[in-house]
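So that you can tell them apart, the chains are marked A, B, C and D in the order they are listed, and the count of residues begins at 1 in each.
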Amino acid sequence: MTALLPRRGLAQILALIVILAVDRVVSPQFFDLRLQDGRLFGSLIDVLNRGTPVALLSLGMVLVIATRGIDLSVGAVMAISGAIAASLADSHGLPVVLAAALGAGLVCGLWNGFLVSVLGMQPIVATLILMVAGRGIAQLITEGRIVTFSSPDLVWLGNGSILGVPVPVAIALGMLILTGAVVRGSALGLLIEATGGNARASELAGVGTRAMILAVYVWCGVCAALAGVIAAADIMGADANNAGLWLELDAILAVVIGGTSLFGGRFSLVLAVLGALIIQTMNTGILLSGYPPEFNLLVKAVVVLAVLLLQSPKLSGFSGVVARLRRAKA
Amino acid sequence: MENSPAPSLLEARGISKSFGAVRALQEVDFTLRAGEIHALLGENGAGKSTLIKAITGVFPRDAGVIRISGEEVAPRSAKAALQAGIATVYQEVNLLPNLSVAQNLFLDRQPMRLGIVREAEMRRRAKALLGGFGLDIDVSAPLGSYSVAVQHVTAIARAVDLSARVLILDEPTASLDRHEVEILFDIMRQLAGRGIGIVFVSHFLDQVYEISDCITVLRNGRLVGQRETASLPRLELIRMMLGRELAETTSVRAATGEHQAREVCASFEGYGKAGYVAPFNLELRHGEVVGLAGLLGSGRTETARLVFGAERADRGQAKVEGEPVRLLSPRDGVRHGFGYCPEERKTDGIVAELTVRENIVLALQAKRGLHRPLSRREQDEIASRYVKMLDIRPPDPERPVGLLSGGNQQKVLLARWLATSPRLLVLDEPTRGIDVGAHAEIIRLIRELCDDGLALLVISSELDEIVTYSDRVVVLRDRAHVDELTGEAIDISNILAAIAADSAVVAHEGRA
Amino acid sequence: MKGLPPVLITAIVLVLGFALCAVQFPNIASTRVVGNLLTDNAFLGIVATGMTFVIISGGIDLSVGSVIGFTTVFVALAIERWGVPPLVAFVAILVLSAGFGAAMGAVIHVFDLPPFIVTLAGMFLARGASFLLSTESVPITAPIYSTVSDFALRLPGGGRLTAIAIIMLAIVIGGALLLTLTRFGANVYALGGNRVAANLMGVAVGRMTVRIYMLSSLLAGIAGIVFSFYTSAGYSLSAVGVELDTIAAVVIGGTLLTGGQGSVIGTFLGVLIQGLIQTYINFDGTLSSWWTKIATGVLLFAFIALQQALVALARRPVAKSAGAAS
Amino acid sequence: GQLTIGFSQIGSESGWRAAETSVSKQEAAKRQVNLKIADAQQKQENQIKAIRSFIAQNVDAIFLAPVVSTGWDSVLKEAKEAKIPVVLLDRDIDPSGKELYLTAVTSDSVHEGEVAGDWLAKTVGAKACNIVELQGTVGASVAANRKKGFDTAIAKHSNLKVVRSQTGDFTRAKGKEVMESFIKAEGGGKSICAVYAHNDDMMVGAIQAMKEAGLKPGKEILTVSIDAVPDIFKAMAAGEANATVELTPNMAGPALDAIAAFKDKGTVPPKWIQTESKLYTAADDPQKIYDSKKGLGY
């Protein structure tokens, strides 16, 4: 577990704290929590709950980016898996529904991974193909409608709670731990970082770089599919037109805010998820603030820039001071 | 040289530079006079490259002043240094493989007319410029399609042509062969004759004594001293660099003639690839060092890549311990217990961002597979063992390997493969850029490994080095294996004779 | 030279694709459709030219779509509401957009931040700013608009080469010349080849970065003006998602996203390939919304796969002849 | 012979849009018209391209559901030059282009907002009422108009006040998310008296948010939204929604009739064929309407 904990990440934590504080200012009841029908209720829970899809996406995305790739198709994959889950929900049990939806994500990931690692396409165009076509496939499944369902099992995935914690949040946490355990518990993490850091050198050191690349796209597809199922469960319907729309950009943003370079190499799962939370904390704050929606994007731009500047290696800001202190101690 | 001491051209006083906790330079002084060739020497990681970068402003200095002809300058970028009259060839060939050779030579100073680059004129000048270095190549082809040697010559030619007052060359000869070194030295002498001051970094002491007027030695980021070359005995110089005596390690080869008795580790019959290397036969035995000798572009690296599995052969049969095997990828090579230190460590070797520890365990981990991860304790143990064994500096396994000096990166690569306990190790230019101490160390290590039963295939452009440790030497020419020398036959003149057997080929075109 | 083989391959792919489409819909092989292709994709061609510089230099610019949107709104408001003469409005917006790009470039260089994210923030900023200006679409009635949009060179066969198509062709040619013939162009390739090395060779990396993003935003501004000619209106939601189309066009045109290689002409061909895909789907006219998306994806895949196959094919004979020679 | 008509559709961004497409197909089939639908994926440039290619194919008429009200002059001029009549569906375009199209079959979205506002004012009566508003996509003209109409209607009643207004992008997920934060910001939702959503999808999401917060939509909190998609009737039948204003998906029917008459007899239709903005409430047997609308492709 210690391997999961960030060694860097002070800038991110600081950013989160600052944004939380701003949220508290615009909305005095921001930190209020109470139990509502056996489920925690409050803005903080909203942040976690609404942040779940992007957090899940960023878990897969961070691995893809670590190999120097990028996956633009995650939003479309969300739509596909949501559509499949919603269409099967009322006629099949939850295991079948989940297997089908996650299986679809796996196939999508395999496709992307195949294009990138076997055909050698540039990741951004390779996944652009599925980004465009995938939403079409999702719409094909739903025929452009919002397919609703009432299966209590699936609804529980979106709206239920375990010990007061919303199920999506528990799932995201579970996935974080699972991914962390797989990646850091095996040699996968090292080999992925090596592949992203220098693919040629890693190949020559005997690393199966193609297999690594295939694996991360598959995992990214699965994570996206899970996010899609949760998004569908949340609104008790699959909205193939809008589910996951533009979320790929949020996921990439989360990963970068989490300090992982788009040029591959070192990555941190925890910080990527933290990045997703930072984004959602900002979004929720915007919604609570009561400003007219015309300002949303401006606020977002300013916050993103501020968070990035905080991390800038060139800015001897907070992180620089801390790093220096730590070095002095060492 | 002139008798009266020339005025100081470049003067650096009290230069200090730290990278975090690492104090790379502490109060270093350096004086270069006009018309002087000044060698800057020191062990790997002594701070030579850092001093150069601090002078040219690539790294901001923590302290110190720089004067050119007595006038204080403070370049803050490579461009500013150029404008101040300092032209530099940095250690890692810093050119642009995607641009044409001509563009590389004239980047940012192309001949222009009406805001438009005069391509033809630029190509003409590029051809003429490289011609002066004995290089006759297509200058409109991308630089990346040429060998490292050509790239290095290009970098030098560019710096020379900048007609600056100070020319700094950081290990320019590391990947050049004798002939090119001769040409370079001629040019350096000419430039010095014109009053240009030249700083020359090298680990080849022969070259230092051949060319330099004056020597400055650094050790652990501090100035040890500055001496006239003529009055500095070699052993004294080595003591200055290492801070101790160097044990004489020019060990003789193990008893020769017994190699027939050794067991064959790997053999290649009729092995080759069309358009890459002509089919060859090669037997590598346990406890034996086979050297590959040849000119640049003769196919040594290609042979190494085929043997390791980095390139697929399209004919011939490979056997490991007598069993036929197929080597389709580096993974196959690794699986059969091969290791390969490529010559281009920056692009093919290190993963710059990862730590020394991670770089060292990488091949071993890849060999063990995903499911059997090395625990952190095992990793630490392996890393610290090799850091100590190979004297990697600074001895911090958690340092990103990209921040190490060139020679130390090379040692990390060697450690990576030693950690896999290979049966066959292929070393492509293992001593390139390595200091005298480490050089001796690596040669000793090669012998030791060999005595432990490892089979070694070593490529080196240093013929005396090859002669020192090889039990057998395979000579290549024009991408074909042309001769094999064993036992007493192994000496420099025989190798040269084999290389030059077809003397017409000496004009070398380094195109890959 | 270095850009040629990929460009040639892209050209072959385009011609092949065009021929296949024309076999199925003979109407496609008309000057009218070709003229439409140029007109309809004029703004895309212009931004893609700028994007080519950015991508070759190893960066990316996600803000272009929003800059187009902002430009249309700004121009429309300036002309219609604020009573600014059109040409003054154009100059103002070009200065503004160039400044915007320069600022992004400066942030990227000075703070050493990834271009992807800085320009993503730029994308939010420009779109947000256009919302602030006006959320309604504003029609432009200035006479220059009808003059420009009515102007067209008649091509034989009923096609029209419109003013905006001509502007686009001029910019593509200008961009190609700038990239291949000038010191600036060489430095762009140098930056993409290796930033550190370029810096050590004396290229003023910071100034180049600022200029490259400035150029991209400036061209996005011009594309915005062209877009406003195209639609005679300013609308804050126009050109949403254009950045991805642009990147796709650049990459299809043979430019490597890792930087250092590529060409403006290739990009232009990439734009035409995308336009052709769109035209084909429109001619078919039986596709539902989802089949349109799927078909677009499949065609995109087909073109890229064809290109890769041609590249592989182009490589093979070389190896063979070399083998024969040895 | 058989008429060929090109229909430049916006996309399929919502269930309503999908229904419009499928109803259009049905209506065309009924009249044996060959309807070519080009889907613009929400992009004006794609619509312009589509119209150009319809012209190149020499269709008999063009239907256009414009994504935005401006920017059609030059392409519609081309259509006019090619003597192809154009009918606008669902949304109007900028007044300067009136002579460029034959007729427009549209609803008045300002009016829709007014109908919603009037209903709310009437239902609330004199008591003070804090309204929260879920807007459509920022910049979309429908969103602006529905806001304008609603604001006009409630401006006459000083007891009605919009206390919060955010965009829910016309989607369920965003509608739910925004409503969640409205509830938090308004003291757990106790002070909210009514929700107005620019479309039903957002309202469906908002209803879920209210239920999860322990509120009773339809009873404690009034709801009124626009479009009349089937799912809102389901909610209405369950007593969780109060009112919706219909936007009929059948725009193509009247348009086809107008074109047929124009082609056969040269009858020039009126410039604007307005569709009805009918208000539905729980009194209208929502279950029955749900069943009848379910099959329309929403």
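In the analysis below, a contact is a pair of C-beta atoms (placed from the backbone, for glycine too) under 8 Å apart; a residue touches a chain by one contact, two chains touch by 3 or more.
By chain, UniProt protein names: A = ABC transporter permease; C = Sugar ABC transporter permease YjfF.
Here the structure is a predicted model, which is why all the values come from computation and not from measurement.
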item: A-B or A-C, whichever has more C-beta pairs in contact; value: A-C
item: Cα-centroid distance, chain A (ABC transporter permease) relative to chain B, in whole angstrom; value: 44
item: Whole-Å gap between the CA centroids of chain A (ABC transporter permease) and chain C; value: 30
item: Between chain D and chain C, distance of the C-alpha-averaged centres to the nearest whole Å; value: 34
item: Distance between chain centroids, defined by C-alpha means - chain B, chain D (Å); value: 71
item: Per-residue overlap in chain B, given as positions that touch at least 2 other chains; value: none
item: Shared-contact residues (touching 2 or more other chains) in chain C; value: 131, 135, 288-290, 292-293
item: Where chain D touches two or more other chains at once, by residue number; value: 11-12, 18, 21, 138
item: Contact pairs between chains, per stated definition; value: A-B, A-C, A-D, B-C, C-D
item: Chain A (ABC transporter permease)-touching residues of chain B, taken from the complex the two chains share; value: 20-21, 308, 310, 329-331, 333-335, 340, 342, 347-354, 358, 361-363, 365-374, 376, 416
item: Complex contacts: residues of chain D adjacent to chain C; value: 6, 9, 11-12, 18, 21, 36-39, 41-46, 48-50, 52-54, 56-57, 68-74, 77, 94, 96, 137-141, 144
item: Touch list for chain A (ABC transporter permease) against partner chain B, complex; value: 3, 185-188, 190-191, 193-194, 197-198, 200-208, 265-266, 327, 330
item: Residue numbers on chain D that touch chain A (ABC transporter permease), as the complex places them; value: 11-15, 17-19, 21-22, 135, 138, 164-167, 169-174, 176-178, 180-182, 184-185, 187, 201, 204-205, 208, 212-214, 231, 297-298
item: Contacting residues of chain C [partner chain D, same complex]; value: 27, 30, 32-33, 36, 39-40, 43, 131, 135-139, 141, 146, 149-150, 227, 230-241, 275, 278-279, 281-283, 285-290, 292-293
